[in-house]
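Alright, structures below, take your time with them.
Presented sequentially are two complexes of subunit A, the first with subunit B as partner and the second with subunit C.
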Partner chain A sequence: MIEAKRSVAKQNWFKRHENATPLTVLVCFTVVIVILQLIMSGERGKVEFPSFITPVNLLNILMQVSVPGIVAIGMSMVIIMGGIDLSVGMLASLVSIITALGISVWKLGVLPSILVGVASSVVLEMLVGFVISRTKVEPFIMTLGAMIAFQGIALLLCNSREVVMQGELDFLKANLIDGAIDPVNGLNLTIPPYVVIFLAIVIIIWAVMKFSRFGRRIYAIGCNPNAAYLAGVNVKNTKLLVYAVHGLLVGIGAVLLLARINVGIITNGQNMEIDAIAMAVIGGIAMSGGKGNIWGTLIGILLLGSISNAMNMLRLPSEVSFVAKGVIIMVAVSASYLSPSIKKLFSSARNT
Partner chain B sequence: MKKLLLFTLAALMMLASVACTPAPATTTTEAEAPAETAAEAPVAEEPAAEPKLIGYYKDAADDYYKAGYEVFAALAQGEGWEIIDVVGQGTAPEQIAAIENFIVTGVDAIVCVQNSPQASAECIEKANAAGIPIFFATHNPPSDPLPTGFAGYDWVQTGKYAGESASRMV
Partner chain C sequence: MPLKEVLRLCNITKSFPGVQALSDVSFDLREGEVHCICGENGAGKSTLIKIISGAYEPDAGTIEVNSQVVKLDPKKAHDHGIQTIYQEHNVFQHLTVTENIFTGLEVSKLGVVQKKEMERRTREALEQLHCYFDPSTMMSDLSSSEKKMVEIGKALVFNRKIIILDEPTSSFSSSEIDNLLHIIEVLKEKGMGIIYISHHLDEVFKTGDRVTVLRDGRVISNYDICDIDEEKLIRDMVGRDASAFYNREFFKHGEVILEAKRITGNGVEDVSFSLRRGEILGVAGMVGSGRSELMNLLFGAEPLESGELVVLGKKVNFKAPENAIKHKMCFITEDRQFSGLFLTHSIARNTVIANLANEKRIFIHPKEDIALGDEYIKRTGAKAENALVQVVNLSGGNQQKVVLGKWFLTNGEIFIFDEPTRGIDVGSKQEIYSIMLRLLKENKAIIMVSSDMPEVISMSDRIIVMKDGRLVAELERDEISEESVLKNSIGGKTDDRSKKKCS
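Moving on, here comes the complex of A and B:
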């Protein structure tokens, strides 16, 4: 026992604390942007409060990451279980189109349309999950096929056009703090309900993964599905249930996306799968499964979501933000492995 | 070539519209000052206009969009203005996020090559709420709410011309 404690104590800080790496990268990124902003404003002749950390911008980032964030939380569950889902982007587009059609064309009413949209997401994800859990098909290939099929269904349903809304979902983006003003720049502060829903989902899924039997089974399957099976875990049904929960989260995210954009269009969820996977991985979720937690994913969501915004604040062209995103993913993923080598390098330099 | 010329013309029109944007309220108050005060005051050198910061969003990496942007950028830089150039990947959420980022960055005006008219309506509402003029290039913006300005083609009229010309040739 004492030996085990000693060996843990010997490990570097990044190894000891699961979320240390993404948190360090987020803090370093924020500090660098703030310093660069201060230098830039100084060069213009007037040092101003860095707009990157103004309340209005922090809320702006939260608004922008809410929908991909909800999808990333579901993706984290799937990856921890040892799976992957490439179909989430097109599924989100499909659900937003179904919901928009329900409201604007089929005249089902707002609530029934939302229910139809979310239910279709759960059913489609369960179909995918059923095949993955009952066969030995690679989730990567299965969900790639599903992505293409969902895109086709969505285009067929909307006749390759956009489904226009008349603001029926505006209640999901109403300002909960109407009248609040940013003390720094005087802009209106906004917290729409979808941000609150996003934060609530983060807390619920964290609690499920941390404290419930279902959560522990997901980790067990991700670590070693055979061992989990021998320990009495119903691997097939647990996998199916994870895809169902993931479908529910994608459905909720798609409805909130529709509320934000106010139009059902095929590009709504385009590339969302890439962002969702990147957010989870930056947050320390291991692609091999069984490792990571939801707080880490939240850090990954905030970090990835703030890169484009920060590039804007630094007045850099958007092409740079892709480079920054790529570098940050590489740094976040490799930092915990690189830190002992860097430490060794410093200590040897000190000794000589 | 015709398309390129049209884009160049659109960019020129856009720059002219941005330049003609009404000055902020404080300037109006100064302009409304009594005439005699202005006459009595010693002739002072005109203060140099503060350089403007423009947010320019293009929906996708496209040669024609880029040509229009480059003309705009060259003219704007001649005025000493600064441009934040954002290129999307052809999605509506990116367009809205870019406009939100421009607003919190504190740009003086926004130019947008849109992804979808409905997403543009959201952008116009946000820009109007922040008091920032928003202009559209290339594609028709929605008619409600109205943007500050538009330079580009009328796609319906273009289709009509194409149909008429085809019918003459058949």
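Moving on, here comes the complex of A and C:
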């Protein structure tokens, strides 16, 4: 009896298509980790190659992915709704410059500066979202234009120079578990507040997408906007709200980025849109909309972060790590097309 | 005088999965004549012209062009001089008139396109059609009747011998219609054979030389236009045997639940009707007569320009479907896949989406969705293992039941069914009908748009007939018959005109 129940549950889990792609990705992720671990333990004789799976290094990865991760979570919402946002990188640069200027030049104080930065991000994304939701403009083109405009505004604001700060935002990277020691190699463990913020955002947005009315409507719009409209979904306002939430996340991400780097500069958010889209897609978010979930994106974030981290530890030049990242994205996307046939293979194997 | 035959179809048969579209259809066209094809929605007219234009290949039967047996595809059909002008414009909006005519058939010398030459030939052709706009005009700047002329011009430029006009006048004013009919006379004199398909019988009588009636994919009759009048033509178009109809139970009608007073907007003009609890109000009319447009208007998907809508005793003005749902209205749309379903989502998700408009809670556990999905699968009798199955994997009938489940969950009282059984097999049809009757028994009300004549006749308590965006007739139960419905959908005042031609 219990056996039977369990097998039904198992079947459902495999059958639910939206979990299939993250599942594939999870398998890939595990394989990659194991391979990396094997490579590294093979080199353990040499001191300069530390082991990959250690608490210190895992926390390192979390710290490295926090900022792009927050942006990727926002991006996931937008893509699930059937949109895209190419402007996030330059928007993050712009927000970090505004915040840095607020602190160092305009002397607004730390908290007001942060609020101004985040608020400007929300407003700008809402402007973009307003046009996208009210017209038939392609989000791709619209946000491409926004990206270029944001870059221009940012450069104007900082006169194409960097805005240096005196570590006013250091409280965001203070160690919350001061004194904790890694049992493996005796190094100090660090969990800064921004990692906690990242994890909190993942949990909140995951809950919103899975449990809320709002989340259900986002999936519906992404899958079939016509049907969503005729089923009573306020498509325009839902889209606008998604862009607003996304703007909030980008704003938060940009402030945390500024805290890490301590300099407001145009290159801060460079290529962040690419990373964010890649993380979402690797996590099984379909570019066509309506499919995927946030925990898939989390896997995508960790996977991409682990690869970069491992490349660093293996002392591979960054050129190589670009190649590796690119290949992984392509494999992940193809996997989502292959997964139905892989599933078929699994089920036929089970039946015989 | 006997005219040369330019096209002959012999015993053409064509079937699609689940539908016999054409069976044993023979048809011929002589040069210099207009041969009209008449029939209800779904009689097989479109399939027939698609076979002549080479878009479909017949399952059996032969096609002869100029007494030679040919096999057609769209390219070959052109080579044999067949030009099809479809109801919807098949034009490139962002190209010029000349480019539209010569697309794929450019005149070139040594690989260089001869623009001057092409424009000259275009201008010549347009002048024969009494059109005097410049050949370099953008297609998007032309009116729909001018676009039609460009398509006819293409036939002249390439000296095509057979022209198929499918509902050419659907968005024309009456002077544009007269102009077109005049042009057709010109084309006839040039020896072209014209196949003319129209829902407007007065045009058929004005321009036609012969008429062929199709019904359920068969040729019913073929007349010289002089030997027939409107009454007789309509009788041929209808006239099924009793087995095609369903017997349904009738219920006592309750109070008026929805009332439309002179509503206008979205191509619908000045429509008034009322709907009572416990009845099915059928909405008949030919495709394009404004039926679906009226439904979109009622449901708030398109804005009301003027008029008044009273739902459940309250005057309403819906800004969006959201408001209509809150007023207990449900809309089962014509095209399930395009506007009814979330194909890649599970049944559970499809079931709960519409009721979100009534949902007060902000957070709902997905387990509830699944439980509701399972419950409504049972209620509607959809055949699916459980509510986690993706809708795309279901058959048409079961997909329709998922749509119904979605609306049942909203506790709606007024159901708008737009083509409730399109693309659904016979068994599921019966089930959908019994679900509709169950709704009536629960004292709810139904508005049903249908192009399926047996369906609209046997299921409706009352029928309103739409034509050109207006309500032209309201038929009580004892007045409903195939003739009365069809006559109001397509009839015109034709008596003196048809006589004129034959004298």
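In this section, the second predicted complex is superposed on the first by the 285 of 352 C-alpha atoms of A that agree within 3 Å, B and C clash if a C-alpha of one lies under 4 Å from a C-alpha of the other, contacts with A are read in each partner's own complex, and residues count from 1 in each chain.
In this text, a contact is a pair of C-beta atoms (placed from the backbone, for glycine too) under 8 Å apart; a residue touches a chain by one contact, two chains touch by 3 or more.
For clarity, every value in this text was computed on a predicted model and none was experimentally measured.
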{"item": "Combined model on subunit A: subunit C and subunit B, fit or clash", "value": "fit"}
{"item": "Subunit C, subunit A and subunit B - angle at the middle CA centre, rounded to the nearest 10 degrees", "value": "150"}
{"item": "Contacts of A:187 with subunit B and subunit C, given as first, second, both or neither", "value": "first"}
{"item": "Which superposed partner A:224 touches (first subunit B, second subunit C, both, neither)", "value": "second"}
{"item": "Partner chain(s) touched by A:262 [first = subunit B, second = subunit C, both, neither]", "value": "first"}
{"item": "Which of subunit B and subunit C A:161 touches, first, second, both or neither", "value": "neither"}
{"item": "Touched partner set for A:317, first subunit B, second subunit C, both or neither", "value": "first"}
{"item": "Partner chain(s) touched by A:57 [first = subunit B, second = subunit C, both, neither]", "value": "first"}
{"item": "Which superposed partner A:232 touches (first subunit B, second subunit C, both, neither)", "value": "second"}
{"item": "Closest Cα approach, subunit C to subunit B, once both complexes are overlaid on chain A (Å)", "value": "37"}
{"item": "Set intersection of subunit A contacts, subunit C complex versus subunit B complex", "value": "none"}
{"item": "Parts of subunit A lying in touch with subunit C, wherever the complex brings them together", "value": "12, 15-17, 207, 210-214, 216-217, 219-220, 223-224, 226-234, 290-291"}
{"item": "Partner subunit A, residues of subunit B touching it in the complex", "value": "53, 55, 82, 84-93, 96-98, 100-106, 115-116, 118-119, 121-122, 129-130"}
{"item": "Contact footprint of subunit A on subunit C as seen in their complex", "value": "299, 301, 320-322, 324-326, 331, 333, 338-346, 349, 352-354, 356-357, 359, 361-366, 369, 386, 388-390, 406"}
{"item": "Residue ranges of subunit A touching subunit B (in the complex, touch as defined)", "value": "51, 54, 56-57, 60, 63-64, 67, 162, 164-165, 185, 187-188, 257, 260-263, 265, 267-268, 270-271, 308-309, 312-313, 315-319"}
